[in-house]
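The two complexes that follow have chain A in common; it is paired with chain B in the first and with chain C in the second.
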Partner chain A sequence: MSAAPPAIGAFERLQRRAFRTPLDGLVTLVFVAFLAWLAWQAVDWGVLRAVWRAEDAALCREAAAGACWSIIDARHRLILFGLYPFDEHWRSTSAAVAIIATVVLSCIPWFWTARRLVSLWIAGFATYYLLMDGSLLGMAQVTTDKWGGLSLVLFLFSSVVLIGMPTGLGLALMRRSRLPMVRLVASLLIDFIRSLPLLTTLFTAAVVVPILLPDWLQGDKIWRIIIAFSLFFACYQAEVFRGGFQAIPSGQFEAGMALGLGKWQSLSLIILPQVFRHALPATINMVVVTFKETAVVIIIGLFDLLASAQAAFGTGDWVAYYMETYVFVALIYWAFITSLGRYGEFVKDRMKQDEH
Partner chain B sequence: MLGWRDFHRMRAREIAIQVGLVLLVLFIVIGSVRSAQVNLAALGITSGYSFLDRATGWSYSFSLLERSIDDPYARTLLIGFLNTIFVGSTSIALATILGFAIGTMRDSRNLGLQVISSIYIQIFRNIPLILQVVFLYALLIHFPGPRQAHSIADAIFMSNRGIMVPVLSMPLGVVAGVVLGSVLLGIGSARHAGSARRALAVWLAGTAALFVAAAFLFTPESQNMVSYPELKGLRFVGGLSLSVELVAMIVGVVLYGAAYIGEVVRGGLAEVPKGLREAGESLGLGTFAVWWTIRMPMALRSIIPPLGNQWIFIMKATTVGVAIGFSDLFYIVSTSITQSGQTLELIAILMGAFLLVNFALAQAVNWLNARLALKGYGA
Partner chain C sequence: MTMKRGWIAAAVAVAGLSGIGTSAFAESETLKTVQERGTLLCSGHNGSYFGFVEVNDKNEWKGLDIDLCRALTVAILGDPDKNQIVPLSWAQRFPALQSGDVDVVIKATGWTMGRDTELGLQFSIPYFFGGAQLMVRKELGITTASELVGGTVCVAAGTTIERIVADHLKAENVEHTMVSFEKTAEVIGAYKAGRCDAYAAWGPSIAVLLANQFEDADAHVILGDKLSAEPIAAAMRQGDEDWVDIVNWMLAALIKAEELGVTSSNVDEMVANPPNPTVARLLGVDAGMGERLGLRDTWAREMIAEMGNFAEIYDRNLGEGSPYKLARGLNNLWSNGGVLYTPILD
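For the complex of A and B:
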């Protein structure tokens, strides 16, 4: 039909994108200059004039000094592990690695069957818990109130996804039920939780639930927060699944019935695999958002990465180096969130290609 | 085959499931309330809303209204609610403007604009909001004191006490009146002006006229029309003082929200068929005219629903201000709980307020969506 456009060289392509008109060229130059200036400032402060080692902390006070990374050198254990006992940090590290490995492995399509995914996540989660708590492995027990830093963030994240995903599926199924009361209860719960800020839900779990429940049902604060956070995740994820259900033609249900499959059989063999597929990009997006949102638990009084960072520059000689600490923590979050997000975009593109 | 007997049995099972579920919900609700009554009675707290008339006895960082530590809880909570609405709606307005700019830049054919806007989105969208807000707050409180404040043209001063800007010296009530008038004018012109462009022009001109008129009529005799901040001793007098908490809060939420809105806008623009742009260009329209009269109106239809979700998100996101001590509704409620112990009542107020705000925002978005719907497209 249409002839292929003539091949153009790199130079010409650049010219078309950056310098189509004089105004275009001017805009490009101004912004490139601005970016270069910003980059230079960052490199000058963060690398060229920076002080790196904890022993050199005195140099940070000199006027010419840039970033004082000494604080990270001196305090990185506090930032990464929180109040976890110093001698047991290897346990916290291995536990964090177990969670990261779980997340990385579940990005591989080979694991995308219900049984493999569930076993993988339960295995990863159990490894984490056994290592962090330690009492079942015969090591010194470390109770949850000592868990902190990056390990705590990963723990919150993985338990919320692990508990919230099946709950979300359950809520989505309830919302599609033929039974009006079941539908009503699910819709009310989903809409209620979705209109509240996450912080309100978590705060209620931390502060109000102890008043509502008899003593023997309360559990640790961290578990109450995880359950409330999972409920929040489940209510959003239920809507993601609902979108997946809506993308499936009703012929698929009828096909299942025609094959003589029962309701649950056709659901699990025919419908759900397609729902998961349709819902995959939105689900990854939800997982990324959840990772980011875990940062608010500092307000409820958990010692997460942000809290341990504030503790790191909160005392002694380090008060002036808040900026370095925040940049360090921001880079950690950014690395995790960007890689998850990139993966989500990759999956979305793959699925778009498959459709053609 | 299904006989009527099977049908009957299935109905019975379904009814049993539903009755069981309702009983379970009732059990949880009634059980919690009973347990709460026992636990609260043990703490010596009388339930009910009579505490709303008691004076609070504590102060907080920011208020739009006159306040004192003798205010009753009801007024303090109202101030918190107004603060949430104020910060939320200001952030929504600014984030929407910035987000449309970022999204349009992402969509532009110019390499420089594309690169800078995608770097912006990569940074601000991929770092937790609360981290950005506490970071900004830390930067602002480490500004020099008022005596060494950074100044811009001797009119705007930035110090660790906040940012001082010049302001029209009108009473606060008049400002509120002008804002209300501007909102009414906006609604009126949107209904009657015919085209979006004319509506915008009428609204902008009308609002400016209202401001100038109010400034002439209501400036107190003893003062200049514009009040500039001035350093007197250790502090600034005159002008308008934007507290560190307020600035960190609004700037943080706006930068974060704009990154999300930018992606929404880019997505909307990408969905407009390419042929429309080419048609516009072949009619001789310039880049801006094609964007403003063809692509944006088309894109808005797919932008508005996710944009509404972002607005609701921003309104809820203002709760992170508690991390830097900004006195939004969440902050006021949690302080009230520690001070008065009326946990259940205060949580009910907090939840009720957010349900109300979300409902109102969702209605507004639905209304906007219905007005913009293309005739003959979709449902």
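For the complex of A and C:
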């Protein structure tokens, strides 16, 4: 078409979109009114009539009171740190910061070489463990059964993704192997794990394994859970990678061979970068789901964010204010998951640029 | 194991017959493990359970069950802090006990036949009685459950309460609708919003809620019918009877102390000047309290000095000293109209 459509003003655009016919206009008005009412309710409850400070908790019982944020003021350390000893909370905070820093840094393209990434993650995890456990730094030891709250969720999440991602890639490669035995083992494992609910897998790792294994092989509950969870993640992620592999025409392998590249060279230089690109949206999805699924560990008695939130309102003084606690926890989850999603968009855009 | 027990039994029999003054000292495997480890492993909760297992503002466990665990810790190891409270969900508590993740489950656990037989557990003497009860609005003018004809009952899904209430109302021929919700908070929300006429739950929990979550507490009434009386007791692995003895006598000593008027504040005077032989025996002034269990003779004295007697523990966690202000009711001494009693301390 030769001529561009005439530019229209914002008012005209609104009219066209929302008020084209009288019925359109009515529907728009009703929905806007409803949304405004909802927003007003939320602001009225959560801000205008809210009680903020722990000392004012008595005001929460008045009929006119809205949200009772006093519970967050009084109990936020329980929600964030679980059973971690009160005087050592700075260690839990620093450990959480170390994990977040590790994740954020590894999102920066400068770190995207194998050596930098590996050293970064080892450093991040070592910092976390040394701070949380403390015994190697000469501080009071805090055993893993006392780890909890947000820093536990971050730790679980990042270790699962960290262990699960390469394992998943390995499984996906095994599944494409030319050796029938390797292929069979990989497919059996993937299908078996994927046919079990996450809860069953974790329950088995936490509760049944100690009955079967000798003491010296059991290890700590938290490690058993991380290994089981990672395996679960890996099996799903392997299928995501498989989709990525299938999107690549086999001619590319042949092209690599024609260029005189070995099998592993053509894999790492030609195939894998494209696999990652194809698998990225589904991978981000897996990562987000995994972050939320860490809440399942509440069932096997780990004191994660949700468990400590329930402990926070599970006492006579605060039992009425579960809604406020859940809103607070939801905001924390929302902040992390939105950041993950935004980061996924960023990587996708960047990869698009690479294509040009 | 059986072999060894057989020998002990034989030794006891011989000692009894021949009048030889030997006695079979306690040889609990679990006790030995705990003493070697230097830590007692107790059950916690994955969250809070009103009055029984809670977490305070300082991220520390508290509650009736936690205090009983601490009392047991003093009895065995002499220090209430030498324990580790392992957070466990309801479903996980028995597998965790079997796998040795905890030494004892003290966690608002009802003594049922299934648990006693099929699950391979054994239970201590009960330390608490609670049962399903119903709460209704006063304006309905109802005084017993049988008047709830055509009413709607809200209840938490998948609990024993649901079945108990259904059975009870069916037996009384009361036509009713049962509405169940996943979470306690949702059940209460529904009741408050008027979606149901009655709220069914564990009696102590209703009292807790009524006192704390209802602005109009006076407009509601907890019906007197006790639809069930669940004995709450400590659970242990089958096969270590001597361990059960220790837990039983820990509980018995706390209750006995209340009966005898021994409290954490007067225990030292009582030791210095025991008013009667039973007190002297209980507090280890006279020998016999410890040896027979494989503990120190002064274990009960230290335990009461540290944790108080049963009344003090109850009051601190569920009674007047707590936000719940739960009356003792059934959970009083037999001499005060309750059902708590102890074996004879000889």
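Annotations
Heads up, the rule we're going with is that the second predicted complex is superposed on the first by the 340 of 356 C-alpha atoms of A that agree within 3 Å, B and C clash if a C-alpha of one lies under 4 Å from a C-alpha of the other, contacts with A are read in each partner's own complex, and residues count from 1 in each chain.
Operating definition for what follows: contacts are C-beta pairs under 8 Å (C-beta built on N, C-alpha and C of every residue); 3 or more make two chains touch, one makes a residue touch a chain.
Just so we're clear, the structure is a prediction, and the values are computed from it rather than from any experiment.
Partners chain B and chain C, brought together by superposition on chain A, clash.
Between chain B and chain C, it is B that contacts the larger number of residues in chain A. Of the two partner chains, chain B and chain C are each touched by A:211. Residue contacts after overlaying the shared chain place A:166 against neither chain B nor chain C.
In the superposition on chain A, contact is made by A:307 with chain C only, not with chain B. Of the two partner chains, chain B and chain C are each touched by A:299. Within the superposed three-chain model, A:46 lies out of touch with both chain B and chain C [touch as defined at top].
In the superposition on chain A, contact is made by A:145 with chain C only, not with chain B. Contacts of A:83 after superposition on the shared chain: chain C is touched, whereas chain B is not. Chain A uses residues 203, 207-208, 210-211, 298-299, 310, 322 to touch chain B in one structure and chain C in the other. Chain A meets chain B in the complex at residues 14, 17-18, 20, 24, 27-32, 34-35, 178-182, 185, 192, 195-200, 203-204, 207-208, 210-214, 292-296, 298-299, 306, 310, 322-323, 326, 329-330, 333-334, 337-338, 341. Interface residues of chain C, counted against chain A in their complex, comprise 44-51, 54-61, 84, 86-89, 91-92, 95-96, 98-101, 185, 208-209, 211-213, 215, 322-324. Those residues of chain A whose C-beta lies close enough to touch chain C in the complex are 61, 63, 74-75, 77-78, 81-86, 143, 145, 203, 206-208, 210-211, 221, 298-303, 307-308, 310-317, 319-320, 322. Chain B contributes residues 14, 17-19, 21-22, 25, 32-33, 35-36, 39-40, 109-113, 115-116, 119, 122-123, 126-131, 134-135, 138-139, 142, 312, 316-317, 319-320, 322-323, 330, 334, 337, 343-344, 347, 350-351, 354-355, 358-359 to its touches with chain A in the complex.
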